[in-house]
Amino acid sequence: MVDFDFTASLGTARFPNPVFTASGCASSGKELSQFFNLTEIGAIVTKSIMVKPRSGRPTPRMAETPSGMLNSIGLQGPGIDDFLSNDIPWLVERGSRVVVSIAGESVEEYGVLARRLRSVSGLSAVEVNISCPNVENRGAVFACDPSAARAVVEQVRRSLGGELPIIVKLSPDVTDITEVAGEVINAGADGLALINTLLGMVIDIDSMRPKLGGKTGGLSGPAIRPVAVRAIYQVRAKFPSIPILGMGGVANGRDALELIFAGASAIAIGTATFGNPTALIKVRDEMAQLLTDRGFTRFSDAIGYAHRV
Amino acid sequence: MTMKSINKKAQQRDAEIISNKKVGAYHHMVFAVGDMATFAYPGNFVAISVGGPNSSMVLRRAFAIYRAHDRGNYGGTIELVVAPHGQGSKWLTSLPVHSTVDMVGPLGTHFGIPTEPVNALLVGGGYGSAPLFGLADLLKSQGSRVDMVIGASTAGKIYAPLEGKRTVNSMSVTTEDGSTGLRGRVTDLLPKIIDEHSVDIIYSCGPMAMLAAIQKIADQHHVLHQASIEESMACGIGVCMTCVIPLRDEDGILRMSRSCIDGPVVDGSSVIWDSRGSIPHGTLGEPRG
Amino acid sequence: MVDFDFTASLGTARFPNPVFTASGCASSGKELSQFFNLTEIGAIVTKSIMVKPRSGRPTPRMAETPSGMLNSIGLQGPGIDDFLSNDIPWLVERGSRVVVSIAGESVEEYGVLARRLRSVSGLSAVEVNISCPNVENRGAVFACDPSAARAVVEQVRRSLGGELPIIVKLSPDVTDITEVAGEVINAGADGLALINTLLGMVIDIDSMRPKLGGKTGGLSGPAIRPVAVRAIYQVRAKFPSIPILGMGGVANGRDALELIFAGASAIAIGTATFGNPTALIKVRDEMAQLLTDRGFTRFSDAIGYAHRV
Amino acid sequence: MTMKSINKKAQQRDAEIISNKKVGAYHHMVFAVGDMATFAYPGNFVAISVGGPNSSMVLRRAFAIYRAHDRGNYGGTIELVVAPHGQGSKWLTSLPVHSTVDMVGPLGTHFGIPTEPVNALLVGGGYGSAPLFGLADLLKSQGSRVDMVIGASTAGKIYAPLEGKRTVNSMSVTTEDGSTGLRGRVTDLLPKIIDEHSVDIIYSCGPMAMLAAIQKIADQHHVLHQASIEESMACGIGVCMTCVIPLRDEDGILRMSRSCIDGPVVDGSSVIWDSRGSIPHGTLGEPRG
């Protein structure tokens, strides 16, 4: 394993290895640092931050499902000001690679967030979470509306300037994910993050009502891995050169390999961290071993390997 | 009074089951945990993976630490009181001795111990009595008076081991069906005990509705109240934001705070008890319109 | 349980209980009859039949996934002629309720199938599986294209005449399932079947290629139950009077109750039968018990109960 | 020659593990199954639920019946030879004696037994030798000559119990690494044995590639060949259509047939062996264009 070249890249950003936290599944990183050194992983992707502080949705906010879970956090967070003064410096000082995830309720808000990030030093990339309701269009989720998705990315591109890579995170809850991918790539995305959660619901058979305070929630965990692999494979087939940050149900090295072979250039770990605080380290080490076993000497050679003819 | 604070000593390890005995409706389980026990304070909890290697359950289950011992025949041990309730806890309680589980802990805040002796009233509902016995020992050892009230729906759900009863100055039991102790709820007894023993502080652990009712009484009688709360937790380590409750912080700002990090032990007066299932008015970042 | 009224209906069709086989998960019924009497269940929904015989996709055709599985059968079947002469009479003679599922590659083919069913006696309803590629429109799946879905249903309505209820089976792989539901209801659907499988993929990390012969496959089983509950709940909320045959990951009575409370008028069991040949009987009996425990005396009162205010 | 036919006597039941012993790379497991054993013929298989009540594995696993006994200390028993391969089989082989599993069986077609004595050659690869021992007994009891060839990659994967060796007229072993028996593959030995003993029929069980190679030899030597095949099965009872193989039926029509119902034992000459992973040209309903 000494000779294995594990470096990864997304656009112009470089990482010592391809294992990242998934947005919203590592808070802003600090809490995981009692289990491992944050510089051990590729990057911390922070919880999607909005312009203003946000309380999120009422509880209960989670329901366990077969090999998965639903969450309805509702983007709780302190707002960009608090985030930039408290969370980012802590991470940057400790030498972590940081990808900031942003979320807005209007195209304008995404612009505001991107402008705020422009001058922040120490960031590796910006992830644009477009799985948010667009208050200006009857709450239609940006990620489910190709033209709205495009408008967000164009705005972020303009406001951010040309330095930081923009990774746009797509929702699998669409008829054709390659269509949305095409739009955001044209709008200037440097990479895509695939996939966000699937919309789901659990009904509590005792109260005989939806279990979550917010009624519906996002389905994550191993249950959705086949959907993630398919989405990554489809997008990679159509846009072979766009880097993909893959995620969805990865809990060990074997799972990660599926997404890598399908076309992911790096892997984010979400739900698995809840079950195992050191899941990221496990995935990283198992992945390196499995790739070495298969004769790979460089991680990058494995990306999209399932597409070879 | 020492403030409760987050336990920063959490570790993840395999813990061997040393003993697993049915006690009434519960299982008293002892785990060999090495030095995890050294850093455990009353009120802390542990989080355990459930279902084994092929499990369809992806989330850990949280359990309040009943007792922790630094060293013994098995090195450090942690004891839990587990109710076989749903899939995860039934799996755990069905494990034979010498099985190992993956355990993370100790987690969360713990009960604050006053620096001076006080008159303390400990109130537990169901398995919520478990963490109170270790707390009682600690309070007694620094000279406090400790009265205890334990309630449940029925006799089998009262967890009150003999040695625990002996430590405290008084122990009262209530059951809703009257099958043991007084028929009724724990809160029926509190006003009298508070008055009789000039209670300074209530420590409580149990269902949210019980805790809320205790807070009302604590307010009326102007006594402090440290409550150990139980919200659904996906991660137990502060990274997921599922376990929130509305808490007013020292600056008077009302936030949806993580009960796994800012709790499970919280200052009862800082919780907006009535608002489970909603975001209380005035919460930082509350939804507009 | 003696006093529990378990009768169910979908449009004008009546069933002694609401537990059906899911199309493609009970072949044409015969194979299950060694485990229980087929009259014990609400209905047999037969494997989707096409006009001509069809070999289906190459093997491997399945991959197990966490709490689920992928299949890529590719609608293997003997064609409508063989099916009507061999499979249907066998079922009808034995007193089973039969729902015939049909699938076509063009609007025209659906019409041909519907016409053939017109004169067949003993059927309870027709299920129209529109999760098929439309060869006339670059293989776009009918169920993912509201206007194509509409055209199919109009054609079936015309060709079938007015007797048999038409249940249209929708795919969850769409941006807005209520939009497709609205179209097919307008086109004359008497009921909806929700949900078909989700498109997924598994990569074999040893061969480092997609595991299924057909590359992608349909994800079914408990993993997708939260998506099924959500889809049923959404459609029920928007179209409260359209009957729904609910399916997706139901393996026991508790699972079934979630779908019923969300809005299903009957339940179909697919993948669970593979793990347990008597799953249908288990679901039926547990459901009756759970509903009785909750004070229901009629099954029909429980439908959509999670929507009450 | 009696034709193989579908076993219509399948039942679903709890089966208690009576014995579970490691034998080389495999586990020999005995299950108490009541009268399920009565209806089991060599070549039939059973399907077992894996992973326990919280399992993330939704599909049964199929295992060829090694031996079935009508009655004994535990009533009827069925024996299996299980390779701890992936998640499901590892779970199964790790179960302690007295655990119960949910078993469906006997399923599928079985080996056809000639009405007259014949010269039979039984060829097994890996755990594929298991069902051949019961078959050997049956053939011997009706007066046939039985030669057996067993192969595997390495010695630990040869399953050939002593009592099994005794029944047959000859037993040859091959391993690819030469760690026991002859270095090579089973097929290296077949031509010679066929000639020497005027073999009438080959019965085989093992990996598909081995079966295909045997068919070539059977064709060259004009001997019959009954092969027990192993395709991924989701249901094992004929309802899902995942387990298909291209089979030419009696009318000469080539169909994708279910190996759980029309197999696992099939007439080797009716299989289009080369076409795994594709639909052979001429198959009923083959894709156009």
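A, B, C and D label the chains in the order they appear, each numbered from 1.
The rule is simple: a contact is a pair of C-beta atoms (placed from the backbone, for glycine too) under 8 Å apart; a residue touches a chain by one contact, two chains touch by 3 or more.
For clarity, every value in this text was computed on a predicted model and none was experimentally measured.
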Fewest touching-chain hops separating subunit B from subunit D: 1
Per Cα centroids, the chain farthest from subunit C: B
Whole-Å gap separating subunit A and subunit C, where each centre is the average of the chain's CA atoms: 34
Distance between chain centroids, defined by C-alpha means - subunit C, subunit D (Å): 35
Whole-Å gap between the CA centroids of subunit B and subunit C: 47
Junction residues of subunit D - those touching two or more other chains: 56-57
Two or more partner chains touched - positions in subunit C: 66-68, 221-222
Graph class of chain-chain contacts, one of line, ring, star, complete, other: complete
In the complex with subunit C, residue positions of subunit A that touch it: 63, 65-68, 70, 144, 173-176, 198-203, 205, 208-210, 215-217, 219, 221-227, 229-230, 233, 249, 254, 257-258, 261-262, 290, 294, 305-306
Of subunit D, residues touching subunit C in the complex: 8, 10, 12, 49, 56-60, 102, 104, 231-232, 234-245, 255-256, 261, 276-279, 283-287
For the subunit B and subunit C complex, residues of the former touching the latter: 56
Partner subunit D, residues of subunit B touching it in the complex: 50-57, 87, 91
Subunit D-touching residues of subunit A, taken from the complex the two chains share: 66-67, 222
